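The data blocks that follow each hold one structure.
Across the two complexes that follow, chain A remains constant while its partner is chain B and subsequently chain C.
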Partner chain A sequence: MKKLVSAPALFAAAGVLLVTGLLLAFLYSPMDASTMGYSQKIFYYHAPIAETALLAFGISFVAAILYLRSQNDKWDRLGVVSIRLGLVFSILVMATGMIWGKAAWGTWWDWEPRLTTFLLVCFLYTAYFVLRSVVDEEQRRATFAAVFAIIAFIDVPITFFATRFLPAGMHPTVITSSGTGMPGSMFVSFFISMIGMTLLLVALIRRDLGIEELRDRVADLKHSIGG
Partner chain B sequence: MTIEEGAKFVAAAYAIILAVLVIYYFMSARRVNALKRDMELLEQEVQRRPPAAGESGD
Partner chain C sequence: MTGWRQFMAILRKDLIRELRTREMIISMILFVLLAMVIFHYAFGVKEDVDLTYFTGGMLWVTFIFAMLLGLNRSFAQEQDERCLDGLLLCPVDRVTIFFAKTAGNLIFLLIIQVVAVPVFTLFFVHRGYGSDIVLFVVVLLLADVGICALGTLLATISMNTRSRDLLLPIIFLPLIVPLLIAATAATTTIFATGASFGVLGTRLLFLLGFDAVFMVAAYGTYDFAIGE
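Moving on to the complex of A and B:
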């Protein structure tokens, strides 16, 4: 059972990379020369968390399709877990983004394309859990949730490409098809943090999947003894 | 913006990240412990119960 609910090697690897990325960000990467100044240091976790949140929603999209094809509960569990973690990461993106916005632009919030579409992502995936809570029958709940997860995912690429196709906003586009838009000494810190955050997501998904399986087993046992 | 002013924003952002991740990790750890306890209690209950009529009992 211990193996089922823990992923110590992944957590350790994620921790090492995240701490390394952070140390490099503060000790090796230069201070941003633009108006952002020191507050640009927020970028080294803010951007990886944002990419990881969108990755989690991508995983839920794939899980939803696989569930509708197979009706296998494991894909429903993966959908729930990845959306829950995607929301946790999204909350972090919004919070750190607002702090960075205040420091860099002088305002906590602006209704520009990237921020607005990301807020919409948060609302859509919060609605996913509201939907799950109002359907009692397990298979119907999983089916409705899978369909909703597919529809909600439409906003994810819109959010990702918002700064590229709708350049009217204040949010910068750092990585484009023509390059990273930052010196190598900044990119190495960002890249290590990015890998660390992705590993953290994988570790948390593994752990939470174990919890969901355990929860299902407890529910089955309760059912079998008439609890 | 001075480095000191910027540092306050940076510290706030990283503090929020750390707090949320640590709280999430420990909440899920508590959940695991609670579920394991439930599982053990339920398994004990299943073993304690006499087999229902029609069951072989082995």
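Moving on to the complex of A and C:
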């Protein structure tokens, strides 16, 4: 995979797609029928960011299982990197969600199932880093982190389901099992933004993995010279 | 069969140790009762205020925090006396240790609840819920199993870290929130208006699903959590 596309090319492709998606959202997609007007355009970033965040946590889940099976450090690195990025994206989901909420419903915060789920997800994956910080031995740290990453990812859909027990929220349901609920011109912009955001995640994961690998090698070298 | 005997032996050990010292149960009961007094003053903002719609939340928040005390204690003792090393040296399946520990914690939590629920009802619940008692016990049991299973798994991890009891609430609370939401909603409905199995169906199924999912997850990961 490393040979297939160079890192700058991946970032560039993500950038081009994200900008194209945004331009299309403003110039090509129809204006929202509700009173939101241009504020609704944040949807074209908000939803892709949310899906990318969940994708990052999904990657960490798979990496955790692979780590427990193989005890290979590269899966632990992938776990850390994807959770860190997933957390950044989750915070962005909440930020864009709150901006949208203020524009659409007139309030910065609403205890709405999806927003609440992402808030809890942020706490959950922050705890992952707290857990990592209090285990000194490397292998043990990676093992505990993997166990926690598995449990945490299982908890995400459960949390989302549970928040539905609260009184119904105001969040629009755009994508359901029966279709996307979007006209074609909306879907094109949305889809391009989504691919762009996913590529951005892949590019960031790749870059961060390189950094983590270097960090590990530096630590090993320091160790070998008795530092 | 040997698995069952090992399970009973570990459970018996935990129960005997606790019944001899009683330090964990007594602190948990005191904590729960004190929390109720605090709740009364925290929420009784004016005379004759109706707390009915807070009762489910008050009850489960108390139990979860009490359980945090208990979970920390149950493993701290194992480590202080290096009991756990002995346990790990025995030819016992790690998962058996998990189930025995979970069962022990469940029994302690149930003992707390046998004392706390009548007092709580006396203090805060103004409506008789005798006809819904079976339903209430089902909610209680389903939620307890989830709390104890997940709690035992995470307490095992946290006791093996540098910060021990400081870490447990941070990793346990965000994971237990879904169960708390369902249990609170079900309990409040029972206390406030009364309910039937039909009305609470989704919540009960959810609690059951939560228990099953985390039991399986713990079964799959406990070997790694307890370490070498």
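The criterion applied here is as follows: the second predicted complex is superposed on the first by the 210 of 227 C-alpha atoms of A that agree within 3 Å, B and C clash if a C-alpha of one lies under 4 Å from a C-alpha of the other, contacts with A are read in each partner's own complex, and residues count from 1 in each chain.
Going forward, contacts are C-beta pairs under 8 Å (C-beta built on N, C-alpha and C of every residue); 3 or more make two chains touch, one makes a residue touch a chain.
Remember, predicted model here, so these are calculated numbers, not experimental data.
In the superposition on chain A, A:Val218 makes contact with chain B only, not with chain C. In the superposition on chain A, A:Phe187 makes contact with neither chain B nor chain C. By the touch criterion defined above, A:Leu124 lies against chain C but remains apart from chain B after alignment on the C-alpha atoms of chain A. In the superposition on chain A, A:Trp109 makes contact with neither chain B nor chain C.
In the superposition on chain A, A:Ile150 makes contact with chain C only, while chain B stays out of contact range. Among chain B and chain C, the chain that touches a larger number of residues in chain A is B. Judged by the document's definition of touching, no chain A residue lies at the interface with chain B and also at the interface with chain C. Across the interface of their complex, chain A is touched by residues 1, 3, 5-7, 9-10, 12-14, 16-17, 20-21, 24, 28, 31-32, 35-36, 38-39, 42-43, 45-46, 49 of chain B.
On chain A, the positions that touch chain B within their shared complex are 1, 5, 22, 31, 35, 37-39, 41-42, 45-46, 49, 88, 91-92, 95-96, 99-100, 102-103, 200, 204, 207-208, 210-211, 214-215, 217-218, 221-222, 224-225, 227.
By the touch rule above, chain A contacts chain C in their complex via residues 68, 120, 123-124, 127, 130-131, 134-136, 140, 143-144, 146-148, 150-152, 154-155, 158-159, 161-163, 165-166. Across the complex, chain A is touched by residues 150, 153-154, 157, 160-163, 166-167, 170-171, 173-175, 177-179, 181-182, 185, 202-203, 206, 209-210, 213-214, 217, 220-221, 224-225, 227 of chain C.
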